[in-house]
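This is the structure I want to talk about, given as structure tokens.
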Amino acid sequence: MSEVTRRKDEHLDIAISEDVEASAQTTWLEHVHLVHRALPDIDLDEVDTSLEILGKKLKLPILIDSMTGGSERGAKVNEDLASVAAELGIGMGVGSQRAALVDGRLRSTFSVVRDVAPDILVYANIGAQQLAEVGVDGAKACVDMVRADALAVHLNPLQEAVQPEGDPKYRGVLDMIANVVEKVGVPVIVKEVGSGLSREVAALLASVGVRGFDVAGVGGTSWARIESIRSSRSGAPEKARLGESFRDWGIPTAASIIEVRSVTKGLVIASGGIRSGLDVAKSIAIGADAAAMALPALRALSKDGRDGLKALIRSAAEELRLAMFLTGSRSLRELRHARYVL
Amino acid sequence: MSEVTRRKDEHLDIAISEDVEASAQTTWLEHVHLVHRALPDIDLDEVDTSLEILGKKLKLPILIDSMTGGSERGAKVNEDLASVAAELGIGMGVGSQRAALVDGRLRSTFSVVRDVAPDILVYANIGAQQLAEVGVDGAKACVDMVRADALAVHLNPLQEAVQPEGDPKYRGVLDMIANVVEKVGVPVIVKEVGSGLSREVAALLASVGVRGFDVAGVGGTSWARIESIRSSRSGAPEKARLGESFRDWGIPTAASIIEVRSVTKGLVIASGGIRSGLDVAKSIAIGADAAAMALPALRALSKDGRDGLKALIRSAAEELRLAMFLTGSRSLRELRHARYVL
Amino acid sequence: MSEVTRRKDEHLDIAISEDVEASAQTTWLEHVHLVHRALPDIDLDEVDTSLEILGKKLKLPILIDSMTGGSERGAKVNEDLASVAAELGIGMGVGSQRAALVDGRLRSTFSVVRDVAPDILVYANIGAQQLAEVGVDGAKACVDMVRADALAVHLNPLQEAVQPEGDPKYRGVLDMIANVVEKVGVPVIVKEVGSGLSREVAALLASVGVRGFDVAGVGGTSWARIESIRSSRSGAPEKARLGESFRDWGIPTAASIIEVRSVTKGLVIASGGIRSGLDVAKSIAIGADAAAMALPALRALSKDGRDGLKALIRSAAEELRLAMFLTGSRSLRELRHARYVL
Amino acid sequence: MSEVTRRKDEHLDIAISEDVEASAQTTWLEHVHLVHRALPDIDLDEVDTSLEILGKKLKLPILIDSMTGGSERGAKVNEDLASVAAELGIGMGVGSQRAALVDGRLRSTFSVVRDVAPDILVYANIGAQQLAEVGVDGAKACVDMVRADALAVHLNPLQEAVQPEGDPKYRGVLDMIANVVEKVGVPVIVKEVGSGLSREVAALLASVGVRGFDVAGVGGTSWARIESIRSSRSGAPEKARLGESFRDWGIPTAASIIEVRSVTKGLVIASGGIRSGLDVAKSIAIGADAAAMALPALRALSKDGRDGLKALIRSAAEELRLAMFLTGSRSLRELRHARYVL
């Protein structure tokens, strides 16, 4: 097993078995109250949760966010996520594909997604910093590898800074993104991984042609925490303490959704601590187009296999549908205009 | 016993013995502070708590809200509620009468109310959705069955959605209400059952001639919770979980009173978590004409019989009278103008 | 022992031994923050805490509020309070003197105050309702009995309503106060006993010539609670429950001070839950001229005798002086202008 | 050992071993949220934490605040603090030098700082009140003793008032400061010791030429608490209680930084409860130039010697650098303009 492969599996292990979420900070979605409509003027079975994102039709505004690939175990997870996504009509992202650019044998751990789910919405994934190294060609290769509908470029300055092997370099990253946006041939989404996007950052990205934003705010999985656990396992207590100090760093998901929406009419994906269909509904009411979950999907799969994951998504779907019914929202477009109180 | 009859009794059982109220949400009445008037300029025994509602005189602005009928046990409860209401000079609603429209033998489980209390204020009850099925004739039959002073039409989209046997269909309901308002021959009150009425819904209803509103906000009995308990008893864990997720859904009672009053000069009944005479006084100060209790009345009756219920109402009356005295309010009209702080 | 005498002693007993303060409500003085002045430009021993109230010089803006008399035990308490007050240069009120108007033998239980403290500020005390019964002559007799500098008329509608022997009648009370103000020959102070004075009530009283206000807000001794304990001891559970429900009723002391000061330039005494010299300092900064304590004085005396009471007052004085020093306030007048944050 | 020497050692002992911080009040820095910048446009190793203060270059905007000297033990602490400061490129203050003005043999307990750290930023220290006694010559002697870059004059009215040996006299202190500012030949900084500087006090000081402010707000070491412990050890329970009552008195550090910055463009040092590099970063974002720690430095030294202290500072430096990176701040000047939410 290569170093990268081992690290990817360690991430999965820690995410599944340890307490890796923010502890003193929440998504702030608990402060969003949808106003009940006692007279919805619709039937529950009229509620239509479908939407089109990046040219693909989805049955639900729910995505499984970028997580894995690059190892045997990652391949199995990707296969299961994809087959469930296909069955339920939702979309998904794959984890960072850099390893597969370096070592061609790893390509199938990502492309397996297309083997089982040829038609679903899939977004490729690469770190913004790695664009310098892999170039536009590398970006294109990521897209081709999974016949992606879009490329998700992730920003993770906190993780890079806390990760033992990290390389926290962001100078020039915006230019590289701009270049990739121009040449990669599919829409580019920019995502954080758990500290959120501010309106300044979203505006900057929008100005170079970025079409979508996956906010990944504070309140869910904390990479400072995950890397801190790794550091403390590998006997680097200072790095571990640094990670601990930044466990709750960032912009709460609800705040991030509102900030990003205030500067773009593009695609806004709510993520970071989305844990229920009510969270999905609230996220959409305050500005998102759809919502993505990472950690809960991984854990459901790990605990109860594909059935567990299906149950998770179905239960979120039921909650979302009910929240739509109770706000009189026939469609997601109407949900976007539902009255809420902060 | 028919299915409906069994379900009604199950509702009574669960309501009496389980923890069925909202858990993470309150009525917000605890945020309402009546301003003490150290020099009230009245005597306590001058305080007049009487009022006229829907053409009937009441000694207290307290109602026992719509609950039961449709089974032997429900008949007994209705009889007791009615005889206490008559003795204390308050009004009451009966539970949904649909079952008695279908099965004539159940009519007496409702009409017993008039046998023991020929003169009190009584409001009939039918689900808004069921109006489609039973029509204006059915609505009239409900009114006649209890010689009602008004017809209460309940909106319960959340309960319908969570209830195993539920049928969450609200398309066209407003038109049916409008039709019934026009033809049923008595004033129509619209009520929720625990998620509250918003100003939008109240305005819509007022525009088709609805004369009264029983807000039934969040903070008291939660039907999502009751149906969740039923689902989990009957081995439907997903439905149970869905109900649990919506246990606290809705508009807090105090907020609902203020919202509804802001769009109507009609009758506003505070309900949902009214648990004391201070709650009654606060509700009136912020806009209600009267306040209704369901769960506490049922529990008092179940625990200590008619005497228990009388003690409950009398203690609420004493608290109300004292709050009126201490705000210098001789009448409920004056209480409506008492100074309060939110 | 007469009924009244027995009741007075019961009040003392309960106040000393039971938990008789507000429970869910505070004085709100904890929300008042005096702004530290690191460079006070004065010496601590320059701080002058003296003031003149109602023509008497006091060494401290601290009073022992109206409490007792009317029994042997009350006489002893009054004697001790007065001798400590004289020694420390503060003022005091006596408890309600009505009993001594009815039964002349009780007069000495009040006048003992003057025996041991001929020169201190003393205010007489009578219930506002009782003015109807005792008339201006009775009021004058109260004043004469203790050669009072002022007459404190107490408003206690809540206590009267909850007290088993109570007689909650406030119609015409304002006129009686006006009459007494005109004819009694000393300034009249109006005081609550633990539910606070609002700006409306203070304005009304000021308009008929009342010169001083002792706010007695919520946050300290609760008479609803004391009478509730009495009711429950005497086997009247409903009254007991009513008292319990109103244990926290009223206007918090800090709010009451600000409200009353907003409508009068007269004397404003802070009371109700004053428990330290910091409370005294804060009360003055937000508008009071002085502050009064009842319960802590009684308890200190009961626990450690005159020395205990002296320690209490001295410690409050030290805290007050320190707060004045740290806000750069040479005099109470300057403390009235100290900067504070709410 | 002289009295003063013994007292200084007692201060060290208590500070190290007892719970001496504010208990019911915090720095309010926990309410300051730096806004995450997912796209920092810099590399972490570009982050430059250096600055110039009072003519000296520092590698970090971190100071070890005025603490000790005047005893053998104090000399050892000063030596260790200074050698670590030199090694890490930070500055420090010495404790009050008054004792060494009186007793020349104590001079080396302060000057040892220069023996081990000839080039670091050092500020001398004297109490504002003591200026009357020691005069401009004494102030100069303090500066010379440590070849200081500035003289820190401390204001500690609360400590003086609570300290058994205290002498709380502040009349004329401003004039003495003005005189010293004019003649001492180095810039004068004024500092509190744990109750904070208000904008009024800072404006007054600025008007007489004070160039720097070390806010020392509430939230960290409480001198009222330390002196209270001393009083209670020495059998003076009243003084002990007085100290306890004022344990949390003062202006929270974050508020004090904002207040002081609002009236000066001079040097503002954040102190009082600074406990991490995140606290340093937040302090700078809301207006400080640098931040100082006292208690944590002393405790780290006492627990783990020079290595412990180095670890403390290095960990704070890492946190600061990371916060700068994550707000896209290349320099401290840019951090001063980082977006934050209160």
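Observations on the model:
Every chain is named by a letter (A, B, C and D) in the order it is written, and numbering of its residues begins at 1.
Keep this in mind: a contact is a pair of C-beta atoms (placed from the backbone, for glycine too) under 8 Å apart; a residue touches a chain by one contact, two chains touch by 3 or more.
Fair warning: this is a prediction, and the values are worked out from it, not measured in the lab.
Shared contact partners of chain C and chain D, listed by label: none present. Of all residue numbers that take part in the contact between chain A and chain B, under half occur on both sides, making this a different-residue interface. A straight line joining the Cα centres of chain B and chain D is 64 Å long. The centroid of the Cα atoms in chain A and the matching centroid in chain D are 45 Å apart. Residues of chain D in contact with two or more other chains: none. Those residues of chain B that touch chain C in the complex are listed here as 35-46, 276-278, 311, 314-315, 318-319, 322, 325-326, 339.
Within the complex formed with chain B, the chain C residues making contact are 128, 155, 157-158, 160-162, 168-174, 192, 195-198, 200-201, 204-205, 238, 241-242, 245-246, 249-251.
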